[in-house]
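Written out below as structure tokens is the structure these notes cover.
Every chain is named by a letter (A, B, C and D) in the order it is written, and numbering of its residues begins at 1.
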Amino acid sequence: MQFEKSDRGTKYAELLQAFMDEEIYPAEPVYAQQMRDSGDPHFYPPVLDELKKEAKARGLWNLFSPHPETGPGLTNLEYAPLAEIMGRSLHLAPEATNCGAPDTGNMEVLTLFGTDEHKEKWLRPLLDGEIRSAFAMTEPAVASSDATNIQMRMERDGDDYILNGRKWWTSNALHRNCKVLIVMGKTDPSAESYRQQSMMVVPIDTPGVTIVRSLPIFGYQDREGHAEVLFENVRVPATALLANEGDGFLISQSRLGPGRIHHCMRSIGAAERALDLMIDRAKSRSTFGAPLADRANIQDWIAESRVEIEMVRLLTMKAAWLMDTVGNKHARVEIAAIKVAAPSMALKVIDRAIQVHGGGGLSDDFPLAEMFAQQRTLRFADGPDEVHKRVIARQEMRRRDKANA
Amino acid sequence: MQFEKSDRGTKYAELLQAFMDEEIYPAEPVYAQQMRDSGDPHFYPPVLDELKKEAKARGLWNLFSPHPETGPGLTNLEYAPLAEIMGRSLHLAPEATNCGAPDTGNMEVLTLFGTDEHKEKWLRPLLDGEIRSAFAMTEPAVASSDATNIQMRMERDGDDYILNGRKWWTSNALHRNCKVLIVMGKTDPSAESYRQQSMMVVPIDTPGVTIVRSLPIFGYQDREGHAEVLFENVRVPATALLANEGDGFLISQSRLGPGRIHHCMRSIGAAERALDLMIDRAKSRSTFGAPLADRANIQDWIAESRVEIEMVRLLTMKAAWLMDTVGNKHARVEIAAIKVAAPSMALKVIDRAIQVHGGGGLSDDFPLAEMFAQQRTLRFADGPDEVHKRVIARQEMRRRDKANA
Amino acid sequence: MQFEKSDRGTKYAELLQAFMDEEIYPAEPVYAQQMRDSGDPHFYPPVLDELKKEAKARGLWNLFSPHPETGPGLTNLEYAPLAEIMGRSLHLAPEATNCGAPDTGNMEVLTLFGTDEHKEKWLRPLLDGEIRSAFAMTEPAVASSDATNIQMRMERDGDDYILNGRKWWTSNALHRNCKVLIVMGKTDPSAESYRQQSMMVVPIDTPGVTIVRSLPIFGYQDREGHAEVLFENVRVPATALLANEGDGFLISQSRLGPGRIHHCMRSIGAAERALDLMIDRAKSRSTFGAPLADRANIQDWIAESRVEIEMVRLLTMKAAWLMDTVGNKHARVEIAAIKVAAPSMALKVIDRAIQVHGGGGLSDDFPLAEMFAQQRTLRFADGPDEVHKRVIARQEMRRRDKANA
Amino acid sequence: MQFEKSDRGTKYAELLQAFMDEEIYPAEPVYAQQMRDSGDPHFYPPVLDELKKEAKARGLWNLFSPHPETGPGLTNLEYAPLAEIMGRSLHLAPEATNCGAPDTGNMEVLTLFGTDEHKEKWLRPLLDGEIRSAFAMTEPAVASSDATNIQMRMERDGDDYILNGRKWWTSNALHRNCKVLIVMGKTDPSAESYRQQSMMVVPIDTPGVTIVRSLPIFGYQDREGHAEVLFENVRVPATALLANEGDGFLISQSRLGPGRIHHCMRSIGAAERALDLMIDRAKSRSTFGAPLADRANIQDWIAESRVEIEMVRLLTMKAAWLMDTVGNKHARVEIAAIKVAAPSMALKVIDRAIQVHGGGGLSDDFPLAEMFAQQRTLRFADGPDEVHKRVIARQEMRRRDKANA
């Protein structure tokens, strides 16, 4: 294992840190004001375009992409610490650097499986930050962590496919710039379990596509939106297909690995920010004659938070390193492990920080409550913790079977 | 210990249950629709007035009040199970029966310490459900769990007092019917620690009182509002004083006991509803060939939830029984104990229910996320868990000192 | 629910407390010395006979028995607080008052299902404290929490049965006074699942019965022993049968309810003693200029311990009350619940006490490590926690099925 | 960070693994039999000498020592995985390779601070495995985690020092080959807090040194013993002093870093073995028609154990790497962190394994109960968790002070 930062990794970390200090943090109150003034939770505030321009100028663009033709071509291990830094300012940093989910996963999928037309029409503007995209997989009527449950039908009709179904948690679909959806459905419900699914590229303005509503998370309406989307006789040309019929499940697996690293490192960044806030608050508030920071229970929370953050960071770095060296497939257990470990850890740290803040911690005077809400979603996104634990347990049992054979 | 339901207790439980089944639950979607249609989080939806009328007609009014002249005059032990039932529908049941916080505490304080004028002007319409009230104690600038930290000044000026200070988490202040605030401040900062504070009755429209904003909780704007309130040279007559100068802390203590029982029993009601939702969802969703309800980890969650709920309920009943039999003062440890135990338990149960619901659990398709937010506030309200644990620990140490003496 | 102590309950609690203070606690060091001097972990120290004599003289004998002809005939609710008091001195108090497991369960089984001969030969001397007994159910080769797994064969041969099998965790079998075993086996492996088992009364000196060894718990050899017992062609007369062939499972269920109350209340007594030790130690040791008792993390442990103990006590009282009023069968969920809740709680409290004691807490200078070991066994005895959670979960699901029907 | 195994590290890991498979594991039942046959918990079984001879022959000797003249001279990072492997067989592997605590720490202290005479007389035979040693620091009368509490006096008397005091948890003092103690005491109680202590080399047969008793741990008498040692007017020459008067605290700090790595990696080895046992048992036992391994709660335990082990391993590797690259002092937080994280993790994993084993898990049929007992001591050894959390919290607060300055 080798977690040493490369020269390139160090350079980008410094550049990104400077961008955070000089641009992102100062922009946070501006962003908050522009959002408030708009009265629209899905408003696209102008400060974002300024930040994007500045990020591009600084060479901090498409940092996530492993492909040198579209960005610096960083490895997962090089990108991971950058994702952590971005995680400290989740509303601004990922989008400003064109590193936000689910666009990153969509861009990767289009790069690997898209036709030339897809690349020209959707991938290029996505890489340029001109448009945004969404990924429609989860469905309201079934437990979507089991891909065989998917109900959306994609029926061949001459040179077209006709899509019918209902999706939800289609994140980003309410982003003002969202132009295209990547959609998972079933082309052949009679095929074997993991060959029933296909993935297609569907322009958001295709007739029959209706954004029904935006789902709140706790009481938050995220700017990018988590949409319920109805597909009624949506007709797309056969060229909408990514790879072949029946490849949908495989494609969905391919996007998971890097996405998990990004999510988990951002969770760590959020936890670090929460820990900073916890400490600062504990030092500034006194009860019964002493600052909270002097009390042993608060000190325990601080110490436990530090230890837990550090352990999850190392685990995530290991997963990234494995992906770089032996490939996503052999990093399967580690990728499942960080999915379980990172959001739970972040929730614990943030919850402690909220408790130290008293009522303020639940309000919007501090970013903590919203951070909690965001992290809580990650215990389901890409499948609930329980599914990932099952993957790990089965792998462990196979390991013992082999050892005992 | 005697937790047996009295005949009267049984009768009111049955009456209330019928009211829930026949009126409250059917009104929930109506309420949600009226709130949504209004576009105003602090809207007062007409369905509430209908429910209040109906509750009065059924004799389900002021159930909380121990005073026979204002309601059925139930004991704490008799009222506790009613509060639990109300907790299953927090937006409607407490207000419909005129049993909502902080009005209940305020009515009790006015009953015990109010002047005849206070009673005529504020207590009577509160008891009739014509107006509502708020309680202004917590301040943004200090850790308010230590009452000696309070900064609001109440300076005598001839026949008046002049109030200056800033409060927050003044719950109910944005309720459309809120007419009066009970305010805690310092009349004599040089007195001994727990004689510096006084409490006053302040009409919400007194010049100098400004409702600055309503604080959100996890993105939710509660209908009744949690207000930041600015007091700038607010002049009130000396008759605004409750009891005497320096009695503020004592009065605040007196309202705590019953309020905690109410809160904790409502938390239990919320947890019960979450458990029901958890089970129903687990039975209706399948992954990998089996309903979630068949999996041993989900079954563990269900069982642990049942055990934890039951234990907290018994502890709360014991605290209620102690208050009825030996008085709030001798129930001090139990009152602190339920404050620590109930919201934490409810949060655990609700969080498991959310996890079983997947993404839906965080949205407003189910009441779970909002229930989580409400319960989370209770780990601070009336002081954070840590202050209550300190009370319990000190009492335990005194117990051992005595035993070892 | 009615947990009020009856006059009789109060009287016995006072008598027992006096016995503890005047006899049991002073006897603890004597007992320890006699055991050490003997060099034999299964020694029967003379101090016990003195304590038994004294207990009898004080009328503190067979307190556990609900049958007036054999003791005071206390209800479960009356006996529960007595079991808690005994739990504070586990080596002495239960045996001194003839209230130790598994004799209590065995006496109850013999009372309900024994023949006249059984009663004359075994029950009477057990009730008199002249002999002791063991219960042989668990087997080393299978997961015994599922009674259908039992492998011991009990084959009819003329007027006899022939027993073959291996048992372990046959507690009490190494007690110097143990004379008889109650044994669970299968008379008809082809019957339906819960009619295959029978129970028989087997004198410990029957040819073919071999006490193979005594199993340690952590490093402790308990005085009464947890035996591995081999049954090789053990021939017993048909009259050894309790009730009828196939009644074994039913009989085993009948002994569980009261036994759990006893165990759980003793766990609570142990936890109370650990909490006392924790507080006393925390007050007597200082680091970095302050007693441990002044630190907020230790205070949190004290407070949490108090709250957790109290909640489990109430739950156990409720289970006892239910057994008294509606019968063991309708108290099924509560009996499962206390089985899960009490040992886990006691382990938590004792572990905290150990931590406050430093290294000493793991040694035999304090009773804590041994208390931990004893409590840890209770997470398996009568079936592991997981089996009991399953019972509770299934009951909860039935409850919802009914509500939703 | 760089955790990649060096060629040398890989070579030694392979050599050690072969030694485990070919010699250590097969020797485990031999060892157990020799110990049982001896009837003496402090017996030195002959199999150990054979293993030591074999280990030496294989070049697996003094692997812990960073000094090339006394062993392979491995870095902390190279040695860490070897300590983990040894941790799988704690009774045999560390001693067989001359890598057992507290000798390793004592050898390091003698190497760094010993006089030529100390090295000739004690260090050489220790390095050769001819004798063993103990470290006497903890005292029964005070909380020894605060070094200023130490009460042992070391008074200068002419060319000698006279030692008076009482120590306990002097591990290894009952080892048959233990010849020398390194003792911490106060030469100058009036000096500043961390200059009062000195360390001296005291032959175990010095007049006035009495091994009072061996302290049990959860009923276990460890072979090497945890002694209470009385020092009554023990006269040693002034040359017994390590370094200078007042250097005792500094010396004690210097031994801590590597010792913690060793302990923590061994804890991880123990946890790995427990996890293997848990899985194997879960696959081999069935209840209610399915192997335990098929149940989702057991699978969760397996998965959580894997994730927790992996995270602690990475954290320990990081601490080792930091010690190698920037020195113990700059690895201070990480060294405190692993001390908190590793034993707690191992206890959790072992406890789950015990639960899956049922009663057997607490007996000596499996190594689990003893592993639990050993790991539990590590939550105090070198100071309780709470002291280490305090160190981490204070460092975190300094970090924020700097950031906010």
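Going forward, a residue touches a chain if its C-beta (ideal position, glycine included) is under 8 Å from a C-beta of that chain, and two chains touch if they have at least 3 such contacts.
Given the structure is predicted, the values throughout are model-derived calculations rather than measurements.
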Would you mind working out whether subunit A and subunit B touch using mostly the same residue numbers, over half shared, or mostly different ones?
same
Counting C-beta pairs in contact, which comes out ahead: C-D or B-D?
C-D
Report the inter-chain centroid distance for subunit A and subunit D in whole angstrom, where each centroid is the mean of the CA atoms.
43
Here the gap between subunit C and subunit D, centre to centre from mean Cα coordinates and rounded to Å, is 37
Cα centre of subunit B to Cα centre of subunit D, whole Å, reads 52
The positions of subunit D in contact with two or more other chains are 295-300, 386
In graph terms, with chains as vertices and touches as edges, which category applies: line, ring, star, complete, or other?
complete
Of subunit A, residues touching subunit C in the complex
295-300
What part of subunit B is in contact with subunit A in the complex they form?
138, 140, 142-146, 149, 168-169, 215-221, 226, 285-288, 292, 295, 297, 354-355, 358-360, 362-365, 369-370, 372-373, 376-377, 379-381, 384-387
Can you tell me which positions in subunit B touch subunit C when the two form their complex?
1-4, 275-276, 279-280, 283, 293, 296, 298-300, 302-304, 306-307, 310-312, 314-315, 317-318, 333-334, 336-337, 340-341, 386, 388-394, 396-397, 400, 403-404
